[in-house]
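By letter and in written order, the chains are A, B and C; residue numbering begins at 1 in each of them.
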C-alpha cells in the first residue's frame, strides 16, 4: 500500500504534457487494489471453479455438475431457494409497507428516523445472537411458548411447531430481511413525487387507480430488484441457520460448511461444484438486480 | 353570469402561515385570468384550492353554479398543468394524455381518437409512443397540457407552466397555449411571476402580494392605472423619485431642487414627502414640447439592451436615479457618462404615490 | 432608480379574522393504518429482545447471567480480539480503497466499471464460499497460511477486507462525488501541493463522514461475523457465543444482548456522524 502512496508522491511534478510516458505510471495507482483482490478473491474463487471441473484424479469433467442433481445436493438447493423466496417475498412486502408507512403514512418524523436507524441495526444483526434471541423467546422454554401454554392453553410445540424448522428459520430470517427491505426501498418511495399523485387525482383517478396505474408500475422495478436482493441475502446466509439448527437443516450454505469441516459429501470436487452453483445463482440474482435498478433509475430522474 | 367564483377565500396552513387572505374573484366562461405576484404571495395556494388539493380555511369556490368547496379533487373536473410537468414516467405520451379518460372508463376507441386529436392540437402527432424521459422540457409541458385538456375539464389551471423552460421556448409556447385556449374557449387560470407573460396573455390579471389581492384588471389598466404603489412598482419598470409637496392644491412638487407641476391637485399635505413614479418609456432625452415637464441630472450609466438604450440619469440631491429608455439609433452618438442632460415627459404621465401608501394618488392620469 | 421605502399596504389589519373551517379528515385513515402496522412491526422486533432479556433474568440468583458474563474473561478477550481484527480490517480496507477510488475518479475513469465490478463481487460470492476458497487455496504451498495462528489471523483480516469492499467503496466513492475532487486537486496543485499533501491533507479530511460511517459499519459486521471466523477457527466474539450457547444456560442470553447493543451503538454513531451531511451513508453490508 505504501508503494502506491509513494508512487503518487513521485508524480507530484505538475501534470505532464503530451509526449511524456505518464500513461504507464497512472496504472500503478490501482495495482495494490487489484493485487489484493486477485490474491484473496479471484484466486480462491478460481480454485473452486477449476476444481469443480475436475474429477478426483485431476482429469477434466462436468460430472460434478451432473452430480448436483443427486438427492442431498438438489434437496439443499430446493430448501435454500424456498426459504430465500418465502422470506424475500414476505420481507419485501412487509418491509415495503413499513417503509411506506413511516415515509408517507403521516407518522411523525422522529419515528421515521428511529425506524431507519433500527433497520440499520437489525439488518446487520444476523447470525448467532439473532438465532439465540429467537430460541430464548419461542424456543421450547421461551417466554412466548410458556405464555401461550400457561395462559392461553395453546401448546405450540405440541401442535407441531418448532423454531428449529424451516418455518422457524423463516421467522428468524424475517428479522433481518424486513429491515433490509425498509432501507433499500426507502429511496424509491421518496422518489414518488407528490405531483404524480396530484396529477392523477386531478385527472379524476381514485386512490386505487393511482396505485394500480401509476405508483405500483413506477415502483415495480425497485420492488422487484429489492426483493431479488433479499433473496440473495437469505440464500447466502449461513451463520443464522447454523446457530439455530446446529447444522440439521439441509441448506446449501450448511452443506458447504459441512463439506468444509468434514467432507460430508465424500467428494471434494462435488463440494466445489456445490459452491460454484451457489455463485452462479447469486450472479444471476445480482445481474437481475442491477438491470432492474437501472430501469428504476431511468424513471426516477 | 359568472362561471367560476371565489368568495372570501382564506388559507391558513397548520403551521400558522396565512397564505391567502380574503380572495374574491369571479370569472366569465372562456376568460383567461392570470395570477401575478412575487414568490410566496399565495398564487399557487389559491390555484390549488381551485383544484381541490388544498382546503380553504374559509370561503367558497363555486363552479358553474355548483359549490365545489368540499369536493375531492378527483371529482372536480378541473384540469391542471404543473410547473414540473409531472408526467407519469411509466406511461407513453399517448397513455399520459388518455389517462383521465381511462379512469373515467371511456371506451378504447374514443380514447384513441381523442388522444390523436390532442396530439395534433399540441403539434406532436408523431410522438404518441415516446416516453416522457425521451422528450424535451417544452414537449413534455405540451403533453402535460394535452393531458389536462383530454377529459374536457370545465376550468384549466396552469401553475407557472413555462418557468422551467428556456427563454425562446417560453415565448413560443405561451403564444401556443393562448391560441389553444382561445380555440377551445376554456376558462383558464394562469399563475406566473413574470409580468410580461401576464400582460401579454391575459384577459384580466389579478396582482397579488403577501396573500392579498392588490388589483384586478385588464393588462392595460394594470399597467397604465395601477391602483397601489405595489402594482405600479411590480408591473413594468418604474422610476420612483423622491419628492416634496410644495403646493398641494396647485400640484407643485419639488424633485431634487427642481420644481415640476402635476396636472391637478395632489392628495397629500403641503410639505410632506411623496414619490413620483415615471415609466421609463415615457421619458425622452432633451427638452421635449412646450407643455412637457423637464428634469436635469448627470448620466450615471448607459446600458445597451438591443433595440433599446437605457440611460440612467442621477438627479441632484436625494431625488434618486431615473432610467430613460430611448430607441437605439446607430447614427446618433451615445451620450457620455457624467455629462449633464435634461429629460422630459408629459405632465399627465407622472404618478404621485403617497409615501404612507394608503391609496396611491394618480394625480394626472385619473384627472384626464 | 430609487425605491421609496415606506410605501405600505393599506388598512389590512382591520380585516376581521374569519372563523376557521374544520379541516378535512382526508388521510386520517391512512395515518391510523400506519400506526397499527408500525406497532405490529415494533412488537415483532421487540419480542425477541424482550424474550432474551427475560431469559437472562431467569437465572438464579437473579442477575447471575449478567455477573457471570462480566466475570467471564473470555467474553472480554474475544471481544477485544474481534475489535482488533476489526480495526486492522478497517485500516487495510481504507488504505486500499481510498487511493484507488480517488485515482480512478481523477485519472482512470475508464477503469471505473472494472473496479466497481470487483468491489461488488463479494455480493456474488457469499462468505461461506469465500472461506471455502480461501481455506482450499491457503492450506497448501506456496502460501500455507492456515497452518499458523498468525497466518490464520492474516487470512481472517483479508477475508473481512474483501467483505467490506462493496459498502466501503461505495461510501468512499459517493463521498468523493460530493466534494468534486478534480477541482479540489487542481486547486491544491495550483497552490503547489504534492500528491501526498493532496491525498492526506485535502481529500481525506473531506471524506471524514464517508470513511467514519464505513468504518463503524465494518466494525459492527466484523464483531458479529461468525461463518468465516468459525471455519478459520479464530477466537472471535461470535464464535465464542456459539460455543457457550451449547454448554451454558443463561449467560449466552446476556452476551447476545450485549452483541445487539454493540451493533446498535455502531449504528447510532453512524447516524450521528451522518447528521447534516449530504454524503450517502451505507448502513448495511452483506450477510
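Here, contacts are C-beta pairs under 8 Å (C-beta built on N, C-alpha and C of every residue); 3 or more make two chains touch, one makes a residue touch a chain.
Source: prediction; values computed, not measured.
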Let me check something: if the centre of a chain is the mean of its CA atoms, which chain is farthest from chain C?
B
When contacts are scored as defined above, which chain pair ends up with more C-beta pairs, A-B or A-C?
A-C
Distance from the mean Cα position of chain C to that of chain B, given in whole angstrom:
53
Could you please state the distance in Å, as a whole number, between where the Cα atoms of chain A are centred and where those of chain B are centred?
56
With chain centres taken as the means of their Cα atoms, state the distance from chain A to chain C in Å.
16
Residue ranges of chain B touching at least 2 other chains are 72
Please set out, as single numbers or ranges, the residues of chain C touching at least two other chains.
none
Can you name the residues of chain C that touch chain A in the complex?
27-28, 30-31, 33-35, 37-38, 41, 44-45, 47-52, 54-56, 92, 95-97, 99-100, 103-104, 107-108, 111, 115, 118, 120-138, 158-159, 161-162, 165, 189, 194-196, 199, 217, 220-221, 224-227, 230-231, 238, 241-242, 245, 252-253, 255-257, 259-260, 263-264, 267-268, 270-271, 283-287
Quick one: in the complex, what on chain A touches chain B?
193, 195-196, 198-206, 209, 213-214, 217-218, 298-301
Residues of chain A defined as touching chain C within the complex:
1, 4-5, 8-9, 11-12, 14-15, 26-27, 29-30, 32-34, 36-37, 39-41, 43-45, 47-48, 51, 94, 97-98, 101-102, 105-107, 111, 113, 115-130, 132-134, 136-138, 142-144, 174-176, 178-180, 183, 232-233, 235-240, 242-243, 253, 256-257, 259-261, 271-272, 275, 278-279, 282-283, 286
Chain B residues touching chain A - in the complex, by the definition given at the top:
51-53, 72-80, 82, 84, 86-91, 99-100, 102-104, 133, 144, 147-148, 150-151
